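A, B and C are the chain letters, set down in written order, and residue numbers restart from 1 in every chain.
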Amino acid sequence: MTGILEVENLSVDYATSSSTVHALRNVSLTVNEGEILSIVGESGSGKSTFALAVSKLLPPNAKILKGGRISFRGNDFTRLNKSQVREVRGTGIFMIFQNVFLSLNPLMKIKRQVIEAINVRSKRTSTSLKKREMESEVASILKSVRIGDAEDIMERYPHQLSGGQNQRVMLAMALAEKPSLLIADEPTTALDVTTQAQVILLLKEIRDKAKMSIVYVTHDLGVAASISDRIAVLYGGMVQELGPARQVLSDPKHPYTLGLIKSIPSKAKSEGSLDAIKGAFSWDDVGDACAFAARCPLVRENCRKAIPALNQLDKTLIRCINYGESYEQ
Amino acid sequence: MSSNNQASLQIENAVKKFSIGEQGILTRLRREKKRYISAVDDVTLSVTKGETLVVLGESGCGKTTLGRLIVGLERLNSGRISYEGSDVKYVRDRGAVRGRLQMVFQDPSSSLNPYLSVLACIAEPISKMGLRKPELTAKVSEALKLVGMESLFMARRTSDLSGGQKQRTAIARALISDPAVIVLDEPTSSIDVSIQAQILNLLVELQHLRNLTYVLITHDPNVARFMADKIAVMYLGKIVEYGMPGDVLKHPKHPYTQGLLASAPKLDGSSPETIRGEPPSLIDLPKGCRFEPRCPHAMPKCREREPSLISKDNELVACYLYEAN
Amino acid sequence: MGTDDLGRDIWSRILFAAPTDATVSLLVIAGGILIGGLVGYPAGYFGKSVDEVNMRVTDLFLAFPALILALAIEATLGRDVVYAIIALVAVWWPSYARLVRGEALKIKSMKFIDAALLSGLSNFAIISKHVITNSLNTLISYATIDLGNTILVYSILSFLGLGVPAPIPEWGTMVASGLNEFPQWWWYSICPGVVIAMVVIGSALLGDGLRDMFAGEL
């Protein structure tokens, strides 16, 4: 079964004034129809670069290396130009960001922005709505993301709404456009816990109702746990563990995944200190060996010799020689 | 809450108001009534020496303002905050006690001057003590060691540090004046999860070492569970529940606490539960209980008058559900 | 480039004029930053009444068109380089006051200012140690571009006859006196004019470059 989104051997470099940063290295992932895949990682993991690459929103100093391939619905769109990308976008990828003000136009009323989203869908499906129908459609879409007072909110501007309301407007626009694939880059990080819960539930509803696939990028394993079908854990620009959410969370294999789970406090300080992962990520670790070696409690000599390859264990892919002695190249 | 002789930090009926709206010359001339919001509305708490009080709540609940009041970065409108008997004064007032109360801020990138060296940043609290350079350097070196960083970091610019290193620097700065109380405002929210655990461990270690009293402000129940000796849950400027972590987190009484804990995402994959509605603004507060519009257990009397904190099973709760009839 | 109507070599006059123009523009910018800083930093940092008073004074000076004010000052005080500089500084400082006030407002909300307050630093110490240092890169980028502007305005003043008196060489005066020989000996005016243009563009590019460099630094 081909997935909605297929990423093969994606590597992205950033050219900075001092050096080249290898943000993503040989990442291969597939997102299936109607599936929610979470990309979990911290600073330096490459998760945001992945989201940007897949939405064709990489900054000018980023370069997708040869051999990498991104296909959406079977069509390669790794190296398309702007107008070709716009067409592909119209047919079904939608992105929401952590900072809503990056996605919502501060100068346009909410109503107009949702109408724009509806028009994108109309153009694609060659249907159109009259003006009066349009307004009631906007209201019903806003109500479906639990925005109370939809008629009032429609006439407001983004800066007059709270972060949570704005994020829900984004979801409303996603619903309006009915994309096949939604890419969400840390959409709830800046929100309160209670608002975050509302957005998470909404996303699941949207997935169920509209059969949308979602790539959810986050640093929060708890959030990934409540929303995902599958989880991909990234470190140092590479996929370290990838599998069904239940399996990755209840039986984490990669030492990094295990360390992340243990880092979340689940006891009182009187019961002992937290099992923290020692050290910190450093770009020096991104090279020809396992990027996690410097911090790994299970490190062996061979870890520093070459980059381990992904091995399949049950339904999970794992990149660690403790689970299969094989290397890249 | 009765006055505790062993309490080192006492907050009594603290109120802090902020005016809203423009205050240009014309409105002042016309003597238009100023409108206020009470970010902190009649809060009473005490913290025992060497313990951690966690203030748990979401944005807009007043926890940050409370933290700033405790160290003197804001002026109280009414009420009293005292440390070991002496009033905490506003930083700009004469006689304000320097150094005994310190603060670690949420975002280390904004709490450290990016153009200064680590040495200059950490030395700031003791820069007015007239110490000579070698003594100053020695003290900074000692503070760095306490937070697990090597002396070689002293010459580095703070903008060259990683998030975790920045926060350690901020902690070192808070420690150098040998404080008794440290207010930590979401100290781990802006850093990577894997580093958070290191910083939390460090904070606990330092507390034992120096017998520090912490007021830790957070929205994360997991952090609260680990760090707290006592928890106070805040909602819209008021304390709604107070007690030991075992009680408040495992058997929450106030409907808001229950809702807050239920909406936190859990690793077991269960869907979070939501509290309906949006938090109301501090501007148009309801006459009765502030949580009533969103409360699943709302009763008619909740709308009439605000419930006060009452004692129930070792905790304090502000909710009519627990009022003995 | 040949010689002008009095037999003086044009190229060497252009070169000799450079230090005059450079000094004048540097002094004007320095004066502008000094006065603008004294007005703008407290306005942004203290806010409220200090801000209102300072900014209203700034608005007052901003309301005057630069050249008219400069002309008026020179007309009253007399024709001299010093008076020209004073006139220009009077016109230049408001933009710096505004710039610096904006920076101060931005920096005031940073938490390291709170930390400095907790450390017991005086307002003066906070402004010099924290506010000014963090506003420097914006200030320098702006000032570098402004160098070109000052040279241009000073040249215009000289062109109008209000700058240095003859026979001291100055680009503006050279353009003016060369007009008598226009268009036959067109280069008497055009050459110093081109030099002015090049310096103005050059300083703009330098400022741009500096700004990009600083942007990458943090």
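A few comments on the model shown:
By our rule, contacts are C-beta pairs under 8 Å (C-beta built on N, C-alpha and C of every residue); 3 or more make two chains touch, one makes a residue touch a chain.
Just so it is clear, the model here is predicted, and its values are computed rather than measured.
Greatest Cα centroid separation from subunit B: this falls to C. Counting C-beta pairs in contact across B-C and across A-B shows that the higher total falls to A-B. Subunit B and subunit C have CA centres that are 47 Å apart. Work out the mean CA point of subunit A and of subunit B, and you get 32 Å between them.
By the touch criterion given at the top, residues 52, 110-112, 114-121, 129-130, 133-134, 217-218 of subunit C touch subunit B in their complex.
Across the interface of their complex, subunit A is touched by residues 58-59, 162-165, 192-198, 200-201, 204-205, 219-223, 225-228, 245-246, 259-260, 262-275, 277-279 of subunit B. For subunit A in complex with subunit B, the touching residues are 42-43, 148, 162, 164-165, 192-194, 196-198, 200-201, 204, 219-223, 225-226, 245-246, 249, 259-269, 273-278, 280-281. Those residues of subunit B lying in contact with subunit C across their complex are 25, 68, 71-73, 91-92, 96, 98-99, 101-103, 105-107, 110-116, 121, 124-128, 159, 170, 173, 177.
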